[in-house]
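These notes open a run of structures that come right after.
Across the two complexes that follow, chain A remains constant while its partner is chain B and subsequently chain C.
What follows is the complex of A and B.
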């Protein structure tokens, strides 16, 4: 406990670590001020966009047509009716009707947008997918469309579904969307930066650190828990900031609100609803596992190589190295890639099934993540144990 | 408690025989001084004692235990504490935090940190961050840390550096107190006259070996010591010329009447002399100055 408290104090007064935390918290604040992570999803058009599109479709229906475009008139009329129902429900604040109309809207787009037979189709997914430099914007938009449909289905059965829940803006939903959007990657980067010099920084205090009456195993474990403790505090602060921005405006939300979990069963696609009350703790558990993995990996690299660089490079390879072996669309030619560790670096993508979608598989489930991450952790623990129990083992050279 | 160094030997690539077959036995309740010029292996010897360096042959034995398994090494480290290097202190931590850290790690429950602060007169600055300390303040803090660990064996490497005469006297007094508590204190110091005042055993090292041992509890031979300037006024006798400008004559080589005559003669001619054992400065000059 004495050693742990001292090391925690050192970690929290380290200028590099304070800078990392400061930058992260400021970035989070700026994100909420300038780029709110919980703005309404692109799949739910705003009233203005919907009105413009409806009016455009009505004008299309009413204008004279040649043989090429006449075939689209019935579908366009139907689409315009759906959009009118959405607008009327919004105007009357009849949220159940709005949800039902939106489900029709999403189903219509799912059937008609990006139709390979429709060279002049007037229907399209949200345009933002085509401007974001995606490899397969149609597939990504179709996935988002289908998962949005699945997450709205339970709300259609409620008499008065909450607007913030429909637009996925509640606190719990914001946590999920933020997790899927890059917050977890940022947290893992912070973890790596914290852990990267846990041992090498002791070189500056050699005559004190090398001859303390504690075993290297004890020292390594104590340092691991200091990082965990510090980052838990950071997580609490971050969640408090998120809550401050979201709850007053959009409410806490319900943990029974659903996301969709994607999996491929043979040739058919399964999209099962998954409650946030299950999804969020699973994401948190997987995140903690990855944090543990990166801390132990960096400690091991410092024990073996006595510098920060090796741990940094290996961690960066794991965190960002997926594109080195994976390309959306051809992953299934090498199915073993579904079990490579870099594919499990975003727990939210695992829990929502996005990785299953990208790899065209059902193998990348949360259970698979536990097995893959757990196996690597076990290997790391074994090597750490061996290295720290050698006769002349020491935490620094 | 008995610490034995058994035939310790260590060479480096660019420096062979830094430690060459050194065997020593040291017991609790004593202060042992190690004397040698800079860069000749004193700190290396301390590091061997702590197992910070592995000897090529020989071993360190503490009450029958050696540095075998990691568990044994830890058990031995709990009995020893090294005077930390000043530059290794944590600059943003206070002196008190350093003392508490050492006290807690070595589970010292007998000596309070407050007592140590009082003994070393650190009240004025002990709560300030270490980066604000002068060299002398850091030295006192490092010494305080070893006291806070309160281990049976204390290894003090040049711990009087940068201290004024008041603090040298204070630390010397504390050392005598620690010896009375039964500590074994192994010290390296260049303040040789001061070392002579409190050490029980003094070892001179050269070429990796112990070349002279002085047991301060044994009667030391007396010498008549005269400044070399007076050489042409001295009677013909087997005076030994020392590099520090002294002419020295061992008293035990003089027959009784010659001794009396010599003293009277020196006094009659107003030649200043000293009748005492050789001090450590003189030995140091004898062993190391001649090499240069």
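What follows is the complex of A and C.
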């Protein structure tokens, strides 16, 4: 216990670690001030855009048509009706009617937008998907459309659904969107930076470190728990900052709000609703296991190679290596690539089925993540145990 | 001076950090080649497909029967872009590089027209910068006249170089920063030995910067060797006279372009090295120096509006590809940010850095 407290003190007074925490918290603040992570999603058009589109559609319906464009009139009339209902519900602040109209809007676009048979189809997905140079913007937009539909479905049955929940801006929804957006990757980078010099920083005090009456296995475990403790504190601070920015404006939200879980089996697509009350703890659990993996991996690299670079390079390969073997595309992924570890580095993408969508499979489920990450952790623990129990084992050279 | 140079060189070559840096630099090009060849990430087919999707979506914004006179040219342009991407796709599918090249030329012409006439759809279409488009049109027209294929992916050495040119400055800049981050700090580890030698600060400083530049040149050469040799083993060297445009106006064959690009990269590297040495006289921590130098180097990407007025600082010109191709002018919206001005500014500021460094070190015992 005393060794644990000593190591915690060393960790929290290390200038590099303090700098990393400081930069991370400042970056989080800057993100909320300059690039709020919980803007209303692109699938829900603003009143101006909706009015413009509705007026354009009404004008189209009312003018004379030749044979080529006459086939679009019934569909456009129906679409204009849906848009009018959305606008009226917005004006009257009748949120249940707004949700129902939006569900029709999303379903209509899902069926008619990006229609490969019609170059002159007047319906399209939100234009922001096309500007960003994505490889398959239609597919990405269709995915976002379908998942938004699933999220709004349960709200249509409520008498007065909350506006912030509709726009995915409540605290729990922001946590999920931020997690999918990159906060988890940042947390893993911080973990790697913390764990990277746990053992090599003691090379400066070699005689003291070697004389401590602690077995290398005990020392390694105590250091792991130290990093975990420090990072849990950081996580609490970060969540507190997010709460102060989100809750006053948009409220806490309900844990029964749904996201969608995507899986594709052969030709059939399953899009099941998943409550945030289940999704968020799963994400947290997977994140903790990934943090454990990176800490143990860095400790092992320091034990074997006595320097910080190897751990950094290997961790970077794991965390950012997916684009080296994977490209979103038709018939691109070989069945085995669904089980490579770099594909499981974003727990939020696993829990929402985004990885299933990208790999066109149903195999990358949270259970598969537990199995893949768990087996790597098991191997790491085995090698760590062997290395720390050698005859002349010591935590530093 | 010769002895000091030899001493510094041996210190540089025996530093494990520098050796790891050289190894990682070369490894990055090797891994990058295989990754790009397998995933086709930067291939013309992918970017053309993105443009096609965007054009179709933008097209759907307009009501075809009630087009105003000003909207018709925009729709014609979107149509042109869309059909050009179809030609590119056809050329790739049928394996006809001439068709692909002609389709690419039509696409770039249409995109150039969209940029030059400030069409409304400019904010919702993935358009390359203006000078990039001008340069591409020049290149493709010359290739069409000479009946040679355009670079559409990563296969031969020349196509690999042409494809990764815009991203090279990230790697070479990072290498220079990591190389020089402890250049003036290493000495502090053996303070008594250092102070006992009969050297002036000027000799010690100039020998340090010369050996650093030499090692940097060595790393660049090793990287170039990897870039040329590895694809050549699989697909051959390719066209070494491939025309590339400087500032969107002048065409140079690939090997001459590389000389210009390499010179600018070396100059940028020397500036980074001298800047890191200067930082080291204030901040004696290698990690902090790395962080500050990296933050300074990335700042023109974060704040292009600020650097529109600060164009006389050398920092925007660290991106060698943007400087040579003229896209720096588009990024900063500043017509003075040209290649020669950039090279001149880098040279001037290297001298300023060295002067400041000399002034700082005079106070310190050499």
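The definition used in the following text is that the second predicted complex is superposed on the first by the 388 of 397 C-alpha atoms of A that agree within 3 Å, B and C clash if a C-alpha of one lies under 4 Å from a C-alpha of the other, contacts with A are read in each partner's own complex, and residues count from 1 in each chain.
Just so we're on the same page, a residue touches a chain if its C-beta (ideal position, glycine included) is under 8 Å from a C-beta of that chain, and two chains touch if they have at least 3 such contacts.
On a predicted model such as this, the values are computed, not experimentally measured, just so you know.
A.B. asks: Under the superposition described at the top, does placing chain B and chain C together on chain A give a clash or a fit?
C.D. replies: fit
A.B. asks: Check whether A:207 is in contact with chain B, with chain C, with both or with neither, and answer first, second, both or neither.
C.D. replies: A:207: touches chain B, not chain C.
A.B. asks: Quick one: classify A:390 as touching chain B (first), chain C (second), both or neither.
C.D. replies: first
A.B. asks: Go through the superposed model and pick first if A:6 touches only chain B, second if only chain C, both, or neither.
C.D. replies: So A:6 only meets chain B here.
A.B. asks: Just to be sure I read the superposition right, which of the two partners does A:340 touch: chain B = first, chain C = second, or both, or neither?
C.D. replies: neither
A.B. asks: Does chain B (first) or chain C (second) touch A:288, or do both, or does neither?
C.D. replies: neither
A.B. asks: Please determine whether it is chain B or chain C that touches the greater number of chain A residues.
C.D. replies: C
A.B. asks: Nearest approach of chain B to chain C by C-alpha atoms in the superposition, in Å, rounded to an integer.
C.D. replies: Across the overlay, chain B reaches chain C at a minimum of 12 Å between C-alpha atoms.
A.B. asks: For chain C, which residues are in contact with chain A within the complex?
C.D. replies: 16-17, 20, 24, 31, 34-35, 38-41, 46-47, 49-50, 53-54, 56-61, 63-66, 123-126, 287, 291
A.B. asks: Can you check the complex and tell me which residues of chain A touch chain B?
C.D. replies: Listed in rising order, the residues of chain A that touch chain B are 2-3, 6, 9-10, 13, 204-216, 389-393.
A.B. asks: Using the touch definition from the top, list the residues of chain B that touch chain A in their complex.
C.D. replies: Result: residues 50-52, 54, 68-70, 73-74, 77-78, 81-82, 84-85, 88-90, 92-93, 97, 101, 104-106 of chain B touch chain A.
A.B. asks: Which part of chain A faces chain C closely enough to touch in the complex?
C.D. replies: 16, 19, 56, 59-60, 63, 65, 69, 113-114, 119-125, 127-138, 307, 309, 313, 323-327
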